[in-house]
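Heads up, the next two complexes both have chain A, just with different partners, chain B and then chain C.
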Partner chain A sequence: MSRQEILQRLVTVIADSSSAPIAAADVTEATSLMSFGVDSLILIDLIFDIEQEFGVKLAAEELTAMRAMGDLVGHLEKRVTT
Partner chain B sequence: MSRPEASSLAAADARAKIPEAAAGGRNAHRPPGWAKRTLIRHVVPEVALALLRSLRLSWRVRETGRAHYDRAVGSGRAPVIAFLHGRAFMLLNTIEGRDRRCWFSMCSTSLDGDAMARLEQRLGFDVVRGSSGRGGLQAIVDIIRAVRDKPGAGACLAVDGSRGPRGKVQGGVISLAQRTGGLVLPVTVSASRRWIFRRAWDRTMLAKPFSRVEVVFGEILEVPARLKAPEFDRLCHELEERLVALQGQADLLSGNGDTEPVRAA
Partner chain C sequence: MSDDRRVAVTGLGLVTAIGHTVPAVWASLLAGRSGIRALTQPELATNTVLAGATIDPGALDPLLPPALRRADRAVKFAAETARQALTEARCLPGSAERPQEIAVIAGSGCGPTEALHATFGRFAEKGPRGMRPSSIPSCMANTMAAALSIEYGLTGTNYTVVSACTSSTNAIGIGFRMIRDGHAEAVLCVGADSSFPPFYYAMWNNLGVLSAIAESGRALRPFDTGRAGTLLGEGGGALVLESFASARRRGATIRGEVAGYGESSDATHLTGPSVAGQARAIRRALASARVSPVDIGYINAHGTGTEANDATEAQAVRDALGADCDRIPVGAMKSFFGHTLGASGIIEAIGTLLALEHRLAPRNLNLDQPDPACAVQLIGPGPCPLDRSLALKNSFGFGGGNAVLVLRRDS
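Our next item is the complex of A and B:
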């Protein structure tokens, strides 16, 4: 799965979890995860939505350590393809 | 109803890994020695277990709203039993081994939490470690995965733990229900004669020997899998109101005249 494809699927997942409206076209790998208004409870949604979408079990600590979408894309790229 | 920003939560989790002595500040002190740790982790739970079991033998336990409990466990979905921290000792003691079901509970990662975790394990619970203050996000994720992975399991959660404010529902219980069986069963307990640990933040209650113990189950709170923030907060508030009302009912049934509000001011 390409990085671009992962990014697009992630944007869909985050848009479902987050209450903030998201303009998919404006989201790049440099976009901050915090810009989506993600709080601790939305993070729980994200962890399980990512697990369902990509089959990757994330630890809360891994997700909270990520700052930009690119960090998450890179992490998933490694875990999805291996 | 705590919805901390993710960045602050990450910081809280990071702080949890720093030994208190290294973190400095007013609370900095040497970690407890081997003897104290052994006492708290191994001796205190066994003494508490013996005490609780002895007390339970002498209690006359009466249940109100039992139909709500039966409906929750008979639904084929994973129930989440929600109660206030201050009544945990008495409730866990009456839930122990109920219906031969696997019940998951949560205890903080502190030294006191070690003792509580050990006690709950000896009472037959499967314990996940973490709290709203330390490693809480991961603990909620872990307990969700544990309940989902074990068919027929349920969860028991003190909703205002691990450090209060007393009577204020934290959001973890709703997140847990969202991702498991979608139902929360509020429950509380009171006693005709009791000790109240007034200096504890949660005003822990323990029924005295030969007391009449009133366990009161409330109506099931249905929790949809997908919730937007306002609906999430509304459910937290609804659960809090139900628990406060149930507490009043249990106190009335038992004749408990404690005038201290259930919710901390």
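Our next item is the complex of A and C:
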């Protein structure tokens, strides 16, 4: 799965989890994860949804330690493709 | 009774289809403006009755704390009404005069229906994999009281009463007893219900109690000969209760008093009302307030506009109050608000307090031909002056629960 494909699928997941109107064209790997307004309740849904979407396990501490979408994309790229 | 045991109302809040603030609602009540409109939402289109009193929740979002902007619709109603009431009572976090500990007792007929609808949809689509971790905290029946406790730092007890159309009247009654008996310093009583998530509205539509009269503004007609059923509304109300002594110590403005509370169960039928059960609750409310029928100057009826409710309620009022029924003006507010279910008790109790404050009761909308089977003194086509400081607020619910408040506002 390419990094671009992972990014696109992540945008869809985050928009669904956070009920936020997010335009895919506005999100790049440089976009801050903080910019989506994720609070603690949304965070647990987001982790659940990412795990469902990509078939991987993701710890809350791993996600909260990431700053940009590119960090999450890279993390998933390693898990999904290996 | 000592000021330590008298229960003062020191804050009010309302969000309804006829206004999102207390003054706006009062202006609409006096002007005779109903909130009932045709329902045009596409997702409701296949129901047979398409009229109700709805609120645009988007209008509330700018007023809500950020943490609650994604909350269930009924929780949003509760949060905004709570904010209004706590603000008026000077009980928001950070207020120097705020009581040490405030409890929150919420009432709701079905709780977070919007969150339930979304969750059912995800389950139908994805099965167990669609059940996100937040489903439980979003859908639990007590989510409303819990959200308010956390958002406003209310560290007294918090729970939600679920008892159909008496829910928020029960919540006020519980709050009244907590203050009167010294179990709480202050209580935030809240009621909210959201009636139009598609699964929930369809259940009401198919129950056969909604009015099929085509002209939506004329379709809900409490106590009228031509009544044909109720119509749903949505919204919320909130009030802050504390003792008179506490209110005076804090310098809070006293908007009225909860003077008594009575409750009972019919123990006869899930949906059919009972004269005996309702009359028993009214008598208990009067006894609790230590007043007699002669002291009552206004009755705010449950008045759903169904054939069974209105005739039963009128007979129960007559049985409990006797000859004073020929004098006491009776009004019903559901033709303004729609039937807001578990929230109706507190919304209409606040309407009652406003009527006492202004010594003027709003008219009965759509009462063209009073039903002779409803032998009470129904308010006519104009507002009615009130000459006494005490009123009754009736609420009766599916499940056979009856709850009645005695409310007071001295001149």
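Some points to look at:
Criterion: the second predicted complex is superposed on the first by the 82 of 82 C-alpha atoms of A that agree within 3 Å, B and C clash if a C-alpha of one lies under 4 Å from a C-alpha of the other, contacts with A are read in each partner's own complex, and residues count from 1 in each chain.
Here is the rule we go by: a contact is a pair of C-beta atoms (placed from the backbone, for glycine too) under 8 Å apart; a residue touches a chain by one contact, two chains touch by 3 or more.
Everything numeric in this text was worked out from a predicted model, so none of it was measured.
Once both complexes are superposed on chain A, the partners chain B and chain C clash. After overlaying the two complexes on the shared chain, residue contacts for A:Asp26 are found with neither chain B nor chain C. Of the two partner chains placed by superposition, only chain C is touched by A:Asp49; chain B is not. In the superposed model, A:Leu41 lies in contact with both chain B and chain C.
Looking at the superposition, the partner that touches the larger set of chain A residues, chain B or chain C, turns out to be B. Taking the listed stretches 43-51, 169-177, 187-195 or 205-213 of chain B in turn, the superposition on chain A shows a clash with chain C for 169-177 alone. When both complexes are aligned on chain A by C-alpha atoms, chain A residues 19, 39, 41-42, 44-45, 48 touch chain B in the first and chain C in the second. By the touch criterion given at the top, residues 3-7, 9-10, 13, 136-138, 140-141, 144-145, 171, 175, 178-179, 226, 228-229, 232 of chain B touch chain A in their complex.
Contact residues on chain C toward chain A in their complex (touch as defined above): 66-67, 70, 129, 132-134, 137.
The touching residues of chain A, when paired with chain B in their complex, are 16, 19, 33-34, 38-45, 47-48, 57, 59-61, 64-65. Per the touch definition, chain A reaches chain C in the complex via residues 17-19, 37, 39, 41-42, 44-45, 48-49, 52.
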